[in-house]
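Below, subunit A partners subunit B and then partners subunit C, in two separate complexes.
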Partner chain A sequence: MSAALLTRPRADWRGGTVLMALLAPILLVNVLTFLAPVINLAMLSFRGSGPGGSIQEGLTTATWTSLLTDSFYWEILLGTVWTSLLITFLTLLCSYPVALWVSRLGARWRNLMMVVCISPLLVSAVVRTYGWMILLGDQGFVPGVIRAMGMTPPRLLFNETGVIIGLTEILMPYMILSLLAGFGKLDRTLEDAAGTLGARPFTVFRRIVLPLSLPGLLLGCLLTFVLAVSSFITPKLLGGGRVVLLATEIYDQAIVTLNWPLASALSILVLVVFGAALAVYGQLSKLVD
Partner chain B sequence: MVTMFDRRALLLGAAATGVLAAPWVRTAHAQEKTITLMAYTGIFEERYKAAVVDPFMRANPGIKVNYYGSPNSAQSLGMLRAQKAAPQTNLCIMDASVAKAGTDEQLYDAVDNARLPVLAELNPMAIIPGLAGPAVTFDSAVLLYSAAKVKPAPTSWRELWKPEYKGQVGLPAAPDIVGLALTMVADRLAGGTDFIKDPSKGIALVGEMAPSVQTWDPKPDVYSAIISGGLTLGVGWNARGQLFSSQNPDRLGVTLPEEGSVFQINTLNLVKGAPNNDAALAFMAYALGQEAQKSFTEAMFYAPTNAKTQVSAEALARTAATPERMAKMIDVNWIEVAKVRDGITEQWRRRVINRR
Partner chain C sequence: MAIARAPHAAGEAPRDAAPAAGLNSVHLTLEALEKRYGNLPPSVSALSLQLRQGELLGLLGPSGCGKTTTLRMISGLVPVTAGRILVAGRDVTALPPYRRDMGVVFQAYALFPHMTVAENVAFGLEMRKVSRTEAKERVMRALGMVRLEALADRKPRELSGGQQQRVALARALVIEPSILLLDEPLSNLDAKLRDEMRNEIRDIQQRLGITAVFVTHDQVEAMAICDRIGVMRAGRLEQIATPLEMYERPTTPFVADFVGRMNHLRGTRLEGGGVRVGEAVLATAGTSPAGEALLLMVRPHRIQMTPAATAQPEAAGRNVQPGTVRRVTFVGDALHYEVAMGAETMLVESSTVSGPQSFAVGDAVFLAWSPDDTLTFPAGTEA
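Moving on, here comes the complex of A and B:
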């Protein structure tokens, strides 16, 4: 007993050292590739920007003051959050039935359909976005079908509609994967029991299936929302310059206007949005548990 | 075993030869200087390499030029900023308004006639006060149209405002310089007199055109969008427009409208502190010389900045530098425009792009 007492702290110490040694590489990588650039970004946001995009020496709060007091940027922030929430909702709406159906297939078909569902991820988002440009363009397939039905097609490309359609499809595989992970908790015997007790299918869904799939649903929503907020290529291509979101604004400020301090400040703002999303997710997860 | 022995002997022999030859190999490497030129990617890269870079390397076997393609001037400037502590790029071709920011940040070495005698041959417009590097190409904003759909060829910028083209117009919005160039032209159309002091008339007129615009960000570019039939009218640059039009005469037309246009200037800048800048200066001298200027003008229809360049009549007719076109040019000081660009961009966002 006394020998065990003497040796245990040493073993713990060794275990701690081994743990630290194992964690050190990933900590180092994170410090170098995430923390240091974020700090650099934050510092850059406190530099001044001169005409033509030159970066001025010295620190100033001018960029942050202009960002926080200009209604234009608040509109972009709210527009980005609203558009991303709408995309998340539509992605959930389209993905949930698919994921539920796949989860109920036999093992062989389930694996095959899972591969089918996530196979779009094998194709670059840029290629898929160009695909949507062809489908939604004035002479594209979708307006053609609407015209064939005797209606006048609305403009589907180079506006918010195009961005929402494109991003919803592009983000569906992420949502489906998260939902499938959540459906693992679903026990079919509970549904059968509810059925034998007289519950109608919708009641079974509302009282059993939906509550049990909430953890996966919340994770999918978080993932989709974060990816929608940070999406850049799809809004840039499908928005036709009209849809200004935080990510496209960062690109324009960094690459076109050359206002790096403002681009840095907007990037920090995106991080704040992500932080808020994580906080909401954490609270909702606690409620679900 | 015999094979093994032979192989070993061969390897030993090769190693010994390598060791003995090393000093000479090193000397040969030391004699070859490598420089990096950063300029536009795509068709510009293809044509510039064939017309200027390759002939230069053939004439100067001791200098190797690496061409680094960059999508636009702003990204080139970003790259130069990132390399400021240890520059890897010797020369950079970029738009004059962006080059101003690089000059202000002291990224470039200024060149003068003593270091670069060819500067004396350049058009006076090519030496821009406040910029470290001279102009290497001239271009101008033009009206692009679908040659199949728009007949007869348009002659006025006002074509962009016609209701029959609603939803068929495309151009890159400000802060892209195409958007800025159109604002200057529109300001002139609306009766504005000093674009730098007050661009409001031009912005208001472009705003009236906004509902006709299908996209403010044509992809992959406005020329391809018109060639593919996605757009009917657009605004772009003469050199690229002429090149694509010469390849697709039935699909893309280029016109310099009667109300005039504005020049776009690309400058060639020597990056401060890069290795082998003596070789880079030799390239600058060649690129600004008559031979290279003629060759590139005939390859891509940019107007030469070397005043002594003799260009074929056919190529000259497609450039922005014909006497008739020069007479139509609106006088623009891009350095002054760069100072007000942010304000104009803000106006575009609030009063143009969002208009339906």
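Moving on, here comes the complex of A and C:
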């Protein structure tokens, strides 16, 4: 805070132009590679689609009208948000203890375990998804274990369960990284202080550790949610075409049906979902602070 | 030095008096406390001491001497390797921190950043299931004690260091702990605030009559407010005594050096009591076998300096030695002289107010001091 006050006069004096000059390249890249394509995409959603994937001249709201009035798309939207929220919650549940444990290790072990935690990112999500297909398939490892325990395994592949299991594991490294960033600020003496004031270990967790890790937790949830909404390879493969989410539908419309205006409109819908997620994140962050 | 009683403490039991057995009951007992980490040499070993109810003990020592580890063992944050901790006769060695009922003030305050000042102070009461109305009243009383009622609804980050420190103190005291533990509570404050806060801590400790242990590496701080001081070195308690006794009669050269500046002289005991140091023969208070190699220590401000032009000061029994001023350093409230005395260099400290005159480099002088101010230790004990 005080640092910002100290540096501001200098920035006003001459830093303004320097700052702009330094920002210009990234601004340019963003305009060219993000803003322009998004505007193009939005424009495309207002064009008509003809047979064989042709795009008609002239603007029309037909795509949007059918999109917003057809309950099929509303179901996909709600289904996607719900599944992604569930995946986010499960990812958080699986990642929090791991991140907490890693953050408490000594410096050397912590660095090693951090590498271990994020090492799945070194393997492509496609490869990991195929791995899950082998593990979850009817003759796979997981149903085998369940059978060995004398129970009938439920279907784990080519349905929503498979998608949720796969995406939860695939998104865990992002959640763990976000949580670790938040835990970094957690001072162990705060827990000591709470202990000497009479708080039992679980109370210390509930009243001190959890509230102070909320910023990292929220960030991790936002990141995981956004990635869950936008992932399509894993749902496509583990869902076996039976699980329809926004991202897989966009893929089908763009690549299979060749209805680019509809794919564009659905993409804009995904952006709206992201916008809403960001807004919720912003509000919650303010509450936490 | 800081042995003079702070004015605020006037009227209270004289803390310079040696602890009178039976006057106050023993409240905290440490019995042969030891802490080891792995195969390393023990961080703390063979530490035994007793604190009376209402006594303020300073644990003093250089960093890494084990004083903070000792404090953390008392609070239960660090498990002991061996030994016992008794509070009012009850063995608490095996109890976790949350069942020990001790108030701890941490070096970096450790205030909960997501709670207001009032919530921070109320935390301990909440854990003790004190009713909301009573808790509110006690929180305000505790904040009143440290004069921070007006800031009850602020977050810790909006407070200055001194204010945070007072919140930490209020939070530790509001639970009316059986023992107050302070871990270098003043080291993050600036010099002026530090003096203020240490007096405030002493005032409150006296008013509540609470038994307290105060860890510090600053001897002035410890001398100023503690009833007794324990000097620690490499995990062991070197000496435990009142500030005055510690300053005047340190039992080891380490303690002597730690609680104030010292001149070091090396000599050999002669037949008949004197000690030969270079050419000179000095008188000392103690006695030891002739021929023993000795380390002599004299406090710089106990040496009186007079110009050699005037007659040699006639003082029966005093050590009087000629010397030459080599360096003068003005430090505000005192003048530090380095005086060549034979082959030795003596540091002499004189007050700028009461000093009869000041000396310049090259002046020939006489140094005079009492044998009582000449501490003797067997050579080799200072390592």
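Please note the rule applied: the second predicted complex is superposed on the first by the 274 of 289 C-alpha atoms of A that agree within 3 Å, B and C clash if a C-alpha of one lies under 4 Å from a C-alpha of the other, contacts with A are read in each partner's own complex, and residues count from 1 in each chain.
What we mean here is this: a residue touches a chain if its C-beta (ideal position, glycine included) is under 8 Å from a C-beta of that chain, and two chains touch if they have at least 3 such contacts.
This structure is a prediction, so every number in the text was calculated from the model and none was measured.
When both complexes are overlaid on subunit A, subunit B and subunit C end up sitting side by side without clashing. When the two structures are aligned on the shared chain, A:L85 is found in touch with neither subunit B nor subunit C.
Touched residues of subunit A were counted for both subunit B and subunit C, and B has more of them. Contact with subunit B, but none with subunit C, is seen for A:D252 once the two complexes are overlaid on the shared chain. By the touch criterion stated above, A:T189 is placed in contact with subunit C alone, subunit B being left untouched. Contact with subunit B, but none with subunit C, is seen for A:P51 once the two complexes are overlaid on the shared chain. In the superposed model, A:V280 makes contact with neither subunit B nor subunit C. Seen from the Cα centre of subunit A, subunit B and subunit C lie 150° apart once the structures are superposed, a value rounded to the nearest 10.
In the superposed pair of complexes, A:I208 makes contact with subunit C only, with no contact to subunit B.
Superposition on chain A places subunit B within reach of subunit C only down to 48 Å, the least C-alpha distance between them.
Those residues of subunit A that touch subunit C in the shared complex are 187, 189-190, 192-200, 203, 207-208, 211-212. Partner subunit A is touched in their complex by these residues of subunit C: 75-77, 96-104, 106, 108, 110-114, 123-124, 127-128, 171-172, 175.
Considering their complex, residues 50-55, 72, 133, 137-139, 155, 158, 236-237, 239-242, 244, 252, 254-259 of subunit A touch subunit B. By the touch criterion stated above, subunit B contacts subunit A in their complex at residues 72, 74-75, 77-78, 81, 97-98, 100-101, 104-105, 167, 172-173, 175-176, 214-217, 219, 229-230, 338-342, 345-346, 349-350, 353-354.
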